[in-house]
């Protein structure tokens, strides 16, 4: 067990940080906002934390907090600017924001370390600490999925007019989704950077948008559980399909495409369906038993 | 003037690539993220064939067009069509089509990377580009062909969509697919044909761009994908003329940045421009507004 | 010409229609009445090929069109004017008509289009403006015109008067009458029973996804069951009570 | 995780101290006590086997395989002692590099590691290497932040350390005005284009008349080619990745630029062959070329041709030299443990060796070579005198 843990400690770490990143994209989607600004926030959070540690010799947690807060604030500002846009137009604008963050990092001179990025940001973050942070984030998100709050979020996404009519402040909700996305994205960036000790401009790119989106859609887009499932799948997939060796990427392609075709609600959807069927079967059996007794 | 001509050539390259994507996205609502892989793989097959036998330009282009059309048609048949069939609505299918495309794109990319070890590949052709001087401006024959093809096909598609019966049907599908089927339009067949045409355009772009650049790498398609995405959104989804305009605006902006020798700021300036334009015109330059009285 | 026998349609586990039978004929109006959610719209959409029915028979001129997709059904001479009109808003009025004539030859379509313009002069006036700018009644004219472009022998109409001003309802019903007089058969679902009954030749009453009554319009005006069906289940209970 | 690591490194540190003491007492005799040479020594190769820069990792693997075959056949480490190579694919991704490195390091059978070839991957794993105390020899990875502690080594000299000859040769040809076209998002090229080359030209009294940075995503060079042709410098130094170079060469030709062009070792390994005639006359410095006539280089070239039936490239030379360095290290310290190999690597680095890249010397743990200038002519490299 402990050897297994030692061998896979980085994968466990990556799963948790990937989950945070995926959540930063998923939160706005759940509010019906097609924003990928979370990836830009990832970059801002990562660079801020690294700069705080390397240039100003801050300690780990203040650096992480600064990264998350700054990323949250900037993402909220971006959200205020682009809130008028809809659908993929919003998507494009927020992707543009992300790419601009990356270009700023390349051209940031000594501050950002240019193309080579920053290295030597030796954060002191243990897996249990990381897990606690993730648990807190997930716990708070769970509140937005429960009962009345969850229904309001669903209304904001599926029928904003109705939501407005029943007194839900749609605009406010959507703005808040930017803030939350930025905070979580910044947190993901800061913790990833300090765990890895480096951050480079090449990491903050369109590819990261694709990775998180794939994780969410394949896992299940309506709940943090789906994001967790997706993160687990895509972080561990290379380990599971190691036997195909050099054809790994081909297998990855087939798996993603098959998931898109056959799992309309992601893996989470399958699990829920299965659970539902299991429970109803149970109930039917019980009902039948009752009927027989009678 | 020479700069304008260079920008026009670059714009035509972007345009050739973006046209196919814009066609399927703006009409049958499929945002095909495998377009870049189709583009690259068509050129790659051309490369493999010309390693055996040296061929004239026209034959290579024909091969690439055929490969592109076949790949794209297969993608439609094996992935997007099943997704659409299973989805409750076009809207529900959108995200899964996106992810399906991402998965499918990984397959040809992995194959080409493996075969070439990611070194650049080109064609063995009897064609060799000549430099022409017209009114003191230099342009290669390949550049000329690209500009003519880009503009010609761009305008041709615009006119065809406006004037022809099938073009009208495609635009109607873009508005309301179900009602269009009620008008006697065989939607799956038309979608299949449109995807094949788009794939052919990707193949054409792949072959011509490889001639123009001398060689491309397996990853070239991915880089163009994000630019094409930006161009289409900038021009306004559903408007072919908008795509033409968007391609030249992006190329013009990039060329200007290079002319100013701010090479590392290219993405920031061009995506910043897109960001700003979207703020002023949220539906893109020539995008349709919601026309509705009630 | 249209014969529907014992049609069953389901949405997933829900059986929306189970046992609808009706018929429609050239130059005649068949009116389908029933409470909200009785399965009238589903019936119409299934006949027109927008939704695949589970079982039963749908025959047009003796040949089955059961389960055929919408685009094929249109070619057989039967077209649906959908609920809510479903006009292509961004397209011009003329483009809306041209897409309606998708199955016809160019020459045929041109000829039909001038007929449509004769019938609905307002459309000719607005031919080059975006269809989304038309008023509700004009949009319904356009929906009729668009359906006529495929030169149908039978038109299925789903709530043509819905959301229209009372004066507009009359105009719309007048155009339906004109179309029927030109020999086209009409199968119509209509909430506005007065307007519908004024036009109808035959009336079919559907309750909870089943045909419960079929008769002439004259009989329908007399028969209480029909009225009940029109007014909904609640009225029926009241009558019993 | 940190606590686990600290405990582990503490233990490892204790073990090391004991081993050191023993080694000191035993005078480095082979096979003594804990620190002998195992019968089977596993070396992990944690490099890109797939993805966008697979050529470097796959190339190094072939070179390493050749070296292992020689080492095992010669009985270099004693009778019956064999080296085995275990592959880990980093797939061109930074997070994959750190997780694969971690797996390799956690495997106690792994004695040493051939580390990632990409600078950014290497810089990420370099601190891990010290925490886990596994000797890691990087190939390529020419940026700063890679060779940063006692456990990190580099077998490929960074590009800037053998770029001087290019400038010497240009000076000899009488070039005054120099233009630089460089990929500023590629760390090695950014460093070379912004710091090293300007310094080198200044020393020689040359002028940089143009400095044109581009991005990793730049694909069309018509605009830059035009600017260069208009400026018409005596020589252009072109620091671009493989596909960019092919395009730039063609477009420079089309734009009418006919001055000298100097490139980098990225153009080696046949990466420039797609440029066809446009690449003829292109000169670039390489740490290794089939055209080299140093005895040890010729031996490698011939052995490689014999084993793989193809022409070796600099990446093959990387893997070959790195693996031989490790083997020599084990032989020198007589100890195939992680600490033993680390000591051996340091010892060999002090002495230097003759390898595929010719005479290799070291600055600390970092390799240095003279390098050679080669000219590309009709699909072949030949030495520039």
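Odds and ends about this structure:
A, B, C and D label the chains in the order they appear, each numbered from 1.
Simple rule for what comes next: contacts are C-beta pairs under 8 Å (C-beta built on N, C-alpha and C of every residue); 3 or more make two chains touch, one makes a residue touch a chain.
Quick caveat, the model's predicted, so the values are computed rather than measured.
Minimum number of contact steps separating chain A from chain C: 2. Counting only chains that touch, the fewest steps needed to get from chain B to chain C is 1. Each of A-D and A-B has its own count of C-beta contacts, and the greater count is at A-B. Chain C and chain D have CA centres that are 76 Å apart.
Put simply, the C-alpha centre of chain B and that of chain D have 38 angstrom between them.
Centre-to-centre separation between chain A and chain B, using Cα means, comes to 30 Å.
Counting partners per residue, chain A has 106, 246, 248-249 as the residues that reach two or more other chains.
In chain C, no residue reaches two or more other chains under the touch definition.
With touch defined as above, residues shared between interfaces to two or more other chains in chain D number as follows: 50-51, 184-185, 215.
Arrangement of the chains shown, judged by which pairs touch: an irregular graph that fits none of the line, ring, star or complete shapes.
Counting only pairs that meet the touch rule, the chains in contact are A-B, A-D, B-C, B-D. Residue ranges on chain C touching chain B, taken from their complex, read 48, 50, 69-71, 74-75, 79-80, 82, 86, 88-91, 95, 98-100, 102-103, 106, 130-136, 146, 150. The residues of chain A lying in touch with chain B in their complex are 81-82, 84-86, 88-89, 92-93, 95-97, 99-100, 102-104, 106-107, 206, 210, 213-214, 217-218, 221, 246-250, 252-261, 264. Residue ranges on chain B touching chain D, taken from their complex, read 2-3, 6-7, 9-10, 13, 110, 113-114, 117-122, 129, 131, 138, 140, 143, 212-220, 223-224, 255, 258-259, 261, 263-264, 266-267. Residue ranges of chain B in contact with chain A, taken from their complex: 31, 79, 82-83, 86-87, 92, 95-100, 102-107, 109-111, 113-114, 222, 226, 229-230, 233-234, 237, 264-268, 271-272, 274-275, 278-279, 282-284.
Partner chain A is touched in their complex by these residues of chain D: 1-4, 49-51, 89, 91, 94-96, 98-99, 101-103, 106-107, 119-120, 123-124, 126-127, 143-145, 148, 184-187, 190-191, 215-216.
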